[in-house]
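Quick one: the structure is below, questions incoming.
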Amino acid sequence: MNKKSDFPIFESYPDLVYLDSAATTQKPTHVIDAISNYYSSEYGTVHRGVYELSVASTRRYNAARMAIQSFINAPSSRNVVFTTGTTHSINLVAFGYACHYVKEGDEILITEVEHHANIVPWQQVAQRKGAHLKFVPVTDSGEIDIDVFSSLITKKTKLIAMAHISNVLGSIFPVHEITAIAKENGIPVLIDGAQAIAHEPIDMVTLDPDFYCFSGHKLYGPTGIGVCYISDRMLDKMQPILFGGDMIETVKKEQTTFAPAPLRFEAGTPPIAQVIGLHAAVDFMQSLDFNAVKEKETHLVELVIGELRSIKNVRIIGNAKQRSSAVSFTIDGIHPHDIGSILDSENIAIRVGHHCSQPTMIRYGVPATARVSFGVYNNEDDVHAFLRALQAVLEVFG
Amino acid sequence: MNKKSDFPIFESYPDLVYLDSAATTQKPTHVIDAISNYYSSEYGTVHRGVYELSVASTRRYNAARMAIQSFINAPSSRNVVFTTGTTHSINLVAFGYACHYVKEGDEILITEVEHHANIVPWQQVAQRKGAHLKFVPVTDSGEIDIDVFSSLITKKTKLIAMAHISNVLGSIFPVHEITAIAKENGIPVLIDGAQAIAHEPIDMVTLDPDFYCFSGHKLYGPTGIGVCYISDRMLDKMQPILFGGDMIETVKKEQTTFAPAPLRFEAGTPPIAQVIGLHAAVDFMQSLDFNAVKEKETHLVELVIGELRSIKNVRIIGNAKQRSSAVSFTIDGIHPHDIGSILDSENIAIRVGHHCSQPTMIRYGVPATARVSFGVYNNEDDVHAFLRALQAVLEVFG
Amino acid sequence: MQKNIKKLYQQVLLDHNKNPRNFKLIENPTHVARGVNPLCGDEYQLYLRIEKDIVQEVGFKGEGCAISKSVSSMMTQAIIGQHVHHVIELKDQFITMLTEEISEHDAGHLLGHLTIFESVKDFPIRVKCATLIWRALEAAINQTSTNVSTE
Amino acid sequence: MQKNIKKLYQQVLLDHNKNPRNFKLIENPTHVARGVNPLCGDEYQLYLRIEKDIVQEVGFKGEGCAISKSVSSMMTQAIIGQHVHHVIELKDQFITMLTEEISEHDAGHLLGHLTIFESVKDFPIRVKCATLIWRALEAAINQTSTNVSTE
């Protein structure tokens, strides 16, 4: 199964070894063409025009929502709110929901290894409301101890937010157990699915979180688009955070009434072409044999971890039993930034730095890590090229 | 000057008479290709990677910001904040600025003919802060009387927000005079430039507003991208409204410090491909002879107004002396919606309805209007086709 | 003008648009509702006097496009003097005709003249115009809400 | 490994990275500043004792990549014992070398050994690593702020 041929970047840049899919994925022809074709032959505004281009665009916009509903198995398309990405989705929940329900002295519970997008909005809510942000500790191997997690829940816990998969550690967190425990305690749960959406089967009916957030650009889709899944029980409790056209019912000088969900949360001319691109990305995902993809990714992860372990002075950050395809590591005496630059000179793109998760760096006592992550286009050759170049790094710093 | 050939939609759909550019513009090949090429051969994340794709993407992202700075003649690229559109830009000012400065009893002044995007956010601010939203009246011909405007300014006026060009009336409002008066009174001004950006030369140094907002999709650019110009004097007074990666400097569990502007206002992975598409759109605009474009648009507007005036029972809504290329009208006894449907059957796309501006409908005592608006691709043939089809409408309703 | 649009804007519709029947307030209505389509600004009030489960009197006022107005006019004619059960059936058939995949033949069953609106289906954006007054009728009869919006 | 990257990671740099000079706290500093590059987590403290306009003593502590550390190390060697005016000139020349279009020849004027960092220009993302400690130096001398961030 060689998926590289679906991705024109590898034709433009044949030597590219792209190992940064956790940051953003490359785009298949199917997605790029869907966007171009839409602009070239069907473009029109949505929701308003009586003319054909607009009617057809509206139909495609709605069809995209239904495709995403089915992709994540949401109960209804009204649970699928389009945003510009995971960050926007989490902010929508923070300011459209939490800000209205969290009171002084209340607690918001997140893990200590979240992405900044799943930390800073909660810090803001806590600050504005006089609430406390509490952190679930993560073990040295990058796991959450369910008992420890449970012990942190109090009567004052008003929201739990955590990543499905850690973008630094690669750990798959036990979101089903966590959601169940939260539900027993009547606490809403937000799952940050940014890293999971392209790697795990996502099923809103089975998982049944209150909110689930992800970005299109990590799912082989366009930039500028994301989704906030909002459960039925939360839809009516939420306030919009952006106001304007399309999200209203009637505007009078004195007062405005809002449209029903999901439109109520989608103010202004929506990112129409990006929604259509995301639909194409979901089509692309569904055209794959998901089990085969997972198997290959697991194989590559095992290969890279096995080889890294055999190198002296290499430390792998995150060794969870349930893990996905991002692998962070450090090398004693060599700063990740230097590793990244030298690998780049060999056309190997890995991510180095704090991965938008400075608290995770502090937790593991490192200033930064180097991270390798996989997408559907990667293969063993990529891993070998990476390992060869890493040897060169070791020699330079010898 | 036939610009239709630059726009592939007219090849896909040769009979199309597109007269809804005030809602959204069609896209030139230059823009569509810029996006496809970017995804196909240069795609990478911005701000973070040390590898070439990311470095190059960051360079292009920054170059786009500078191109837009130069297009609107902003003092510095840090005054150019990327948003997802005019609506988002106005909300950024409402919740990032106004909410922090407007106090109980204060006043926000807008016109009575604003787009919902420039009404609803201010209603929200007024509501939350106990402030008053005041409306500058507009004359029957669709003009603002500067004396009336001035008389509405009080010591309590904390913000003035108005369209540069009305999307319903086509009036060009006297934004230079208004900005000057506001400045004399020490009141910040937001100009909603959604309708102006593709039709008027925009110069931030000369106009010197506090905020100027526009959308890419009305400027021959992609959906999902917009700009909020923020003056130097306001940059440091603003708070971000979205929080996450990229907009931070240091994140600790306890506290976060933010990056300097403009990044501080751009949380999360930005709409990279859309920014690059917007850059291409600005290139496209700059490749045109702007005076010739304006001349042609003026000619088409005069032609259509002249002909409409000669039809019995037609009422043109908005007859300002300074006007741009959107022309609203009604026909006694024929609902705009019926006009729109019948025109559509002749492949003529016009907009009918309240144009996201219900208060304007109330002001002019109509439930809705039909609106014709022009882009660079329109020509006399389009106007004649429209007028012929309008005759057919009149015959049906006899 | 294209054929399907001609079929839509046929004489009977235009006549009802120009001279809507039962376009009036009624005295002592037992059921009222408002129907609003914010997209195009259509807005109607519907008044019913239902006694002994029979629609004794019906009237409507308001403004809107030719489709919504002529549907409203013809609806008032179709329901006056009818039993509420029959009215509800009519309403269901009308809405089904425009929103589901059924053949004209099935649709015709109770609707009579009202089947001329089946061609609205070719103009999906206008379906809301045609169903607006029926949604108001539904609300009036259920008295669940007196405000109906189709957007 | 490619040639230009070899040029960057040359022996002298690696040596300063491994054994940074003046890598220490100093007593009674008159000027201190912190330099942070949030992108990669580089973070240094710079300590200066300036008396009679002469840099009498200098030290730095902290952590970062090979480039930022070796630049810092070599900077301390270049400024120790120098007049503040000269230090400021050095700083300006170094930053100009990496951020503006000037030829190597111009750059070399005062910088001496420090010109080895000119090849950082080929790695634009790393320019901030190389200028970090100089920005801290600037802040320390101006005492405008004791926190410097390059992002």
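As written, the chain order gives the labels A, B, C and D, with residue 1 at the start of each chain.
One rule holds in what follows: a contact is a pair of C-beta atoms (placed from the backbone, for glycine too) under 8 Å apart; a residue touches a chain by one contact, two chains touch by 3 or more.
Computed from a predicted model, the values in this text were never measured in an experiment.
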> From chain C, what is the lowest number of touch steps before chain D is reached?
Replying inline: 2
>> Centroid from C-alpha atoms only, then distance chain A to chain B, rounded to Å. What do you get?
In response: 31
> How many angstrom lie between the CA centroids of chain A and chain D, rounded to a whole number?
Replying inline: 38
>> So the centre of each chain is just the mean of its C-alpha atoms; given that, what is the distance between chain A and chain C in Å?
In response: 47
> Which chain C residues touch at least two other chains?
Replying inline: 38-39, 123, 125-126
>> If I count partner chains per residue in chain B, which residues reach a count of at least 2?
In response: 48-50, 54, 248, 250, 337, 341, 352-353, 358
>> By the document's touch rule, what are all the touching chain pairs in this structure?
In response: A-B, A-C, A-D, B-C, B-D
>> Which stretch or stretches of chain A touch chain D in the complex?
In response: 333-338, 341-342, 345-346, 352-354, 358, 361, 367-368, 392, 396-397
> In the complex formed with chain A, which residues of chain C make contact?
Replying inline: 36, 38-39, 123-126, 149, 151
>> With touch defined as at the start, can you tell me which chain B residues reach chain D in the complex?
In response: 47-50, 54-55, 58-59, 248-250, 259
> What part of chain C is in contact with chain B in the complex they form?
Replying inline: 1-2, 4-5, 8-9, 14, 18, 38-43, 63-67, 69, 123, 125-126, 129
>> Show me the residue ranges of chain A that touch chain B in the complex, using the header's touch definition.
In response: 8-9, 11-13, 16, 18, 20, 23-24, 26-27, 31-33, 35-36, 39-45, 48-54, 84-88, 90-91, 94-95, 112, 115-117, 119-121, 123-124, 133, 135, 215, 217, 222-225, 241-248, 250-253, 255-256, 267-274, 337, 340-341, 343-344, 347-353, 356, 358-359, 362
